[in-house]
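Next, two complexes with subunit A in common: one pairs it with subunit B, the other with subunit C.
Let's look at the complex of A and B:
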């Protein structure tokens, strides 16, 4: 009995101790809540450095400037590497300015006694005393000086098939580039025969390129000077030379970062594709780098632009003049900032945000300095094309710019049913070729007239876009605001009329007695994408055409595009450089994807007249005219024709308008939001290192963050009380039962 | 083989509902005649909640069935100025909806979002609506109620068709393993243990990638991955049944194994099959929603609506109706089938005595 009582007492004591322990545990849980904050930066800046906070959605794919071709990777690369030229930050239309070069060179033509062009050269002089960042790839880890030889190496590496440069064909205009590529391939094959594995990994790339011989189009004329030589006109080469593909690249880094294990080293070396070593104003902070979650770039203290202010290099100073009249009014350019050295930001930190809404919410909390507007929040942010009063009161600023891009629905012109193939596979169709081509042209025109681009932009892009009339976007030479493509208007009666003329009255295919059946291939299976595809399909249904959607993942879609097994598709194009050639070449016959997987003419459009005029336009300067002789097709008489570049572009545009290989849908409009502690922000249609021109008031940001993110304690208290309300009766009940 | 799968969708869509209806009616008639099943089903019908759930579930099934019976209007097929929608096959559901709406279902739409019963567009409030929509409209102006009704067919087919694949597989392997034991059992256990060790969702994604995206393909994918649980149960139950006296007696009397399985094992497993099938239905419907969420589901399913509504929910002002109504439809169907499943389990449980 005593024992039993003692046992009960002991049990009671244990229960009390247990309850107390539980309450202490609860209190311990709550204590940190009082001092916690919602700051996503555990090691936030202490105010001594100016930090720019931003986000990324996908980890960097390639950090090799000669391989990467995505906008997101380009942002990091353009801050770490430097090209010969870049674009003036504020000026519109866009203008090239020197970056590592001392000046933008003028072309020098050399002609023979008959006036025939022998060669055309661009002489580049680059800055001296430009050093690569310190890196283990260099002797003693100390970055060496960049010279003209590095550019020769960069050009040779571009030609290397192993580099897999996505735009290698554009550099094929350089004298001897293709020949060098062939020699290099042969040399590599020779080495392959004599070695096991991949020889490019085991030999010095500089040696390999030297063994392959000279690259005739790159002439080194001094330690800091070289010439780029071509044997024909191709003025667009200047734009390609301003891209990050032609950056100062140290051969040591390419050789060192081979992705292999080395004796005496604890870990495998990175691949050069993941290890930028450049001369730019920023460098990666590898100690904190995590490509899946956080990317930090820190200021390169040894950057030549900072060390040599006396050079007044355009890349190292804020523009001394506003680019457009609106820049001054919008506060993008101020007298105080004009001509001051850049960059003013010490660190740029990117944090991964997979979803748009958390990213935007953190922007509203002040944790990101700038943000795009998510589709979902558009109505909250924009009212009558301006910021809502709520956003304006929050100190948010808005900048807009039309993107240099085009989104379109394309037809496979190689398809018998909808296109204009070189030869119809059906002999009966081929025997009546002219009439069949006309039928299909009318069918494409009818399909184009059925789509309401304005409605598309309203529904899917919050009216953020310009309905496209041709491949050329606003802001580009050749774009004419007044031009209206008659087949890019929504006109159902006209579409039905054309369909009747095409031999498909009411959309019925006379050969089957059923509605004409076409397929539409797309590379996205998400529900949002499907809603967009169904928008087109519904539009075509209205004129009686049955279009079947074949939505697959992007890889399968690309396979289809390469194999030519498609009828209708949709795609887009973002400018590489601000020249109409960069858009009109998307429909140039020799660029048809049937001639090569990487060719950009996915509509497989081939029109001899278009190709002829394209070649005439391609190498002309905007203000130039050209003259040629041609035979009048009606009278058979020879005549001399003189046309300006703009007139030729109009001919190309009209040819596309009639042939309708595309339904031009829209050009995007970029809306960028930023907080008022950030200044001098202007969207730029070409990827570049424009963050160097931003400035940030860290103190104001810290104050705002503190003000906007006061901890809210009541949910924690309510949670604690709720827990207590549930647990205390339970404890009491258990104790009572045990007694 | 793969091509055959890819081209078979139209056969499924036209005939599967009729097939299921015929099979269900035949099975029910047969079951009611059988004394064991008859007694238990009468027990089921004494539960008001279960009856209500069954009626609601049957409404969903009826809607799905109405959507599977479709035909073309001969008059509209060749007529001038008639839209393609009018010339295509229209289901009984489409036609019924059109009767209630007063206009053909393909014309009962707006240009973009509109809130339930609103008279103007949601985003561009200057645009007057042509019709009033009980549950609002989607981004492309389709009536949400009509989309919900159209979602019944994928839900019901996805909930049923995989069972046609999974149940025979589970019975075949489970009974064979349990009854014969030895190496057969080892082989079957090895097979389902191996399959069970592959994450179901990954296996399904792989299958759908190979077979293609479509109702039948997803059903096959779900069926191939969904037989393992039932197979385990059937194997265990068969192991127990084969040791019972009457089975032992039949074996001693030289009754062939096939006959023993058909006469003594299979009938005693049916309650497990029925309960598992009903409860698996809800799991399958929910799995389709998950597949839609990761972009490989069906185009007009509730899962696709919920997936699309992800972005809508983040909008300000919130576009809530597509998510709320699609989720509600899914919830109600799953809840009702679960209630029916629970009731069926109760009445079929051998430990519970059902009085006639």
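Let's look at the complex of A and C:
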């Protein structure tokens, strides 16, 4: 008996000891957990370098300046490659300034004896003594000097179908560009005949392009000079020439990285698409490069802008004058900084952050220098369009900028029920064409008046937007702040009146006796997108119209858009360059998506008058006027009309206002947050290498980071003790029971 | 057993072919080559550029039957045949999205995924089994009841909340770990927080599962016999109970192995770990057919292997089981 009791006692003791040991082990594990650091940069610089810390959400897709067309890739590329021109950092409206070119050239026109334009040319002189970064593609790995021949190569490569440049059509205005493209294709086909693989890859690309003949519109006039020639007016070419598509590109890099496979190399070479070799102020640090998690750009110590301060190139110095009156007040421009050489940042480090909240929290910890505001935290950051006191006290600054974009709800103008088709499919409607077109116009106007854009922007974009009145966003030539589109106002009584006039009293379709039924096609099925679509649908319901949502995945939606099987849709456009033509062409008849799947006029709007005026405006300079003869449609009299570009834009705007192929919704406003140790930050609506103008006070940042990120240890100890305090009584209790 | 393994492997062939066929059919039922091209080239891509891209990537071929060819080429010169050819020869090609070698992407992503998921897997297993044994030992007490409540609460919380909560409290408020990030030189520094979150997030469900098994077993005759023989708790639990509870544990464990390779979508995404989970999801979101195919193919192979391993492992822990 005694033995048995002793045995049980021993067993109980073992249980308790084992359990206690387990618990103490668990608790002990908890304590050191709190002893670490939250720095995401364990191997950060020791303060000797000025580093700018930022984040990226998607890995770079293409790092070929002639192929890439995304904003995120554009940031890296614009820092590594240099174009002929760029945009002045602070100035608004935007102005072109030279980058690799010595000056922004004026067009030189050559006319024949009858005054007919023969050709128009832009003469570019580029900086001498500009070197490419060192790279294995060059002999001995030493970067060579960039010359005008590199630009000829770049233009020829743009024309090459294998480059697959997304904006190749825009360069088709250059004399002989299309012909060169055709000849090059033929040459390549010739090489491919009877060959396996792609033999053109094994040929020096310069040789291949030479075999395809001259590109007539690019005339090399010297080692550092060339002309871009066209046989017709197309002033927008200057904006295209300022894009990274026309950068100095070394043929050696294309041959080395995109050439034939090099057998026996330890690791397959990157493609040129992933290996920038430029002349810019920064270069990739390949030793630390991981496209999925970390991208580092380091200063190009051999950059011509730094080596030649005597040239006073605009790309190499901080603007000597503020761009706008507000720049000085906002501290974006200061006398101390004016005219000082740039860049002042030695390294730019981007870390992958797919989600907005971790990115924002790290910004608050001081680990990122700048950040956008996540939707979830908007109220915490912004109050009455300004920073909350909490954020201001944290030393955070806010800058805003209206984007060069437009978001709209479009009507399919090719649709019998809601549009203005060239011919109605129903003969009865066609026989009464004028009246039917007027009815549908009023219906579209009524639908537009029913939507409250301000409310939309407040609910879905945290008030980060400007209600749109036309396709043209603020900051663009042709945008007039005082202009109010009468159909872009929220006015339900007027909408109901227009509906009555259109023959749909209270939204009732007289042919069915039911509310008029329309379809809203959308390519996003997320909860947020559905809420947006329902916002419009509810607005239209208020005037009695029943709009059914047909939300599908993006692929199916695109299919519908291509086939024209839609009535109402929503879409947006971000400008390629700051010219009204880049927005108004979205409604130019020949650009209708019914003439080509990928044409940008998704509303399929065709109006002969609009098209005529658009063509007149398209090639006109902002300050120019044009004169033409036209027949008055009422009196039949011929008359001479002279209009400035602005006046033509007003005609286009008013035509759109009445025809209402779109409900213009909004232009976005970017809110950018940055810490006060960062200075001279001004958002720019066109992607470029503006980071070169930023400046960072590393010492202040290091102090703040240290102050803000001291680990708090006591909760770990408390948790461990709590675990013990909670479980030990239980163990003791069981021990007693067993005894 | 060898015949059984061979038979199972042979049965795996139609399974894999079927999986690939379903993937191909579903994908091209929803998406057209133009959609893949638009994702790769961007929204503003021109028609000519899209056509060129489609041709370069071989998506211009008919899906199942090529009318323009003769003989066998009607079958072989199709997208499906090319697809099978590339998959079965493990020649995954280049990503549709960014033209980077898929093998290279998988190679780069495998390390981070394994570095995160293997420790999470082991720690979750050890912690779940230890805690479940502990609560089974104290079954009926307030410790057991409280643990059960904690498990139910733990199971009810969405994974996402663990991540956000972990990042907020442990990263931002207590400042113990970096909120997110990755460096192959400082893996432990960056993986500690996702490791803790990943381990804790799965504990509720695992502890409940293992506890049920342990409690069932703890009332068995052999445990009573062991106690009567005077064995200590540790010996009873680890030497006898655990061994007898191995079959359900093994089924669960081995089937989790493919996930170690494919990674964790949410953890990798939120903590910025460049693993295979993130790669797969991004491929899906970007219509990157070739990457999706490679990942689905590898996953299906791993699943078949895991299933087979599970069956084999039964014979190891229970000599009564014979594979025929």
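Here, the second predicted complex is superposed on the first by the 669 of 739 C-alpha atoms of A that agree within 3 Å, B and C clash if a C-alpha of one lies under 4 Å from a C-alpha of the other, contacts with A are read in each partner's own complex, and residues count from 1 in each chain.
FYI, contacts are C-beta pairs under 8 Å (C-beta built on N, C-alpha and C of every residue); 3 or more make two chains touch, one makes a residue touch a chain.
Here the structure is a predicted model, which is why all the values come from computation and not from measurement.
Student: Just checking: does A:558 make contact with subunit B only, subunit C only, both, or neither of them? Give me first, second, both or neither.
Tutor: second
Student: Looking at A:340, would you say it contacts subunit B, subunit C, both, or neither? Reply first, second, both or neither.
Tutor: In the superposition, A:340 touches no partner, neither subunit B nor subunit C.
Student: Under the stated touch criterion, name the partner, subunit B or subunit C, that contacts more residues in subunit A.
Tutor: Tallying touched residues of subunit A, the top partner is C.
Student: Which holds for A:161: it touches subunit B only (first), subunit C only (second), both, or neither?
Tutor: The second partner, subunit C, only.
Student: Which of the two partners, first being subunit B and second being subunit C, lies in contact with A:546: first, second, both, or neither?
Tutor: Only subunit B is touched by A:546; subunit C is not.
Student: According to the stated criteria, A:505 is in contact with first (subunit B), second (subunit C), both, or neither; which is it?
Tutor: A:505: touches subunit B, not subunit C.
Student: Per the contact definition in the header, classify A:433: touching subunit B only (first), subunit C only (second), both, or neither.
Tutor: It touches nothing on subunit B or subunit C.
Student: By the touch definition at the top of the document, which applies to A:454: first (subunit B), second (subunit C), both, or neither?
Tutor: A:454 contacts neither subunit B nor subunit C.
Student: With both complexes overlaid on chain A, does A:357 touch subunit B (first), subunit C (second), both or neither?
Tutor: The answer is both, since A:357 touches subunit B and subunit C.
Student: Is A:709 in contact with subunit B, with subunit C, with both, or with neither (first, second, both, neither)?
Tutor: second
Student: Across the two complexes, what residues of subunit A are contacted by subunit B and by subunit C?
Tutor: The answer is residues 357, 553 of subunit A.
Student: Which residues of subunit B touch subunit A in the complex?
Tutor: Contact set of subunit B toward subunit A: 78-85, 87-88, 111-112, 123-124, 138-140, 209, 213, 292, 295-296, 299, 304-305, 307-308, 311-312, 314-317.
Student: Using the touch rule from the top, collect the residues of subunit A that touch subunit C in their complex.
Tutor: Residue list for subunit A touching subunit C: 7, 11, 14-15, 18-19, 22, 33-40, 42-43, 59-62, 69-70, 161, 164-169, 268, 271, 273-274, 290, 292-294, 351-355, 357-358, 361-362, 364-365, 553-556, 558-559, 576, 596-598, 709-712, 715-716, 726-727, 730-731, 733-734.
Student: Which of the residues in subunit C end up touching subunit A in this complex?
Tutor: 30-32, 34-35, 38, 40-42, 44-50, 52-53, 97-101, 104, 108-109, 130, 134, 137-138, 141-143, 146, 164, 167-168, 171-186, 189-190, 192, 196, 230, 232-234, 269-274, 278, 287
Student: Where on subunit A does subunit B make contact in their complex?
Tutor: 356-357, 374-380, 455, 458-460, 505-508, 513, 515, 525-528, 530-531, 534-535, 538, 541-542, 544-546, 551-553
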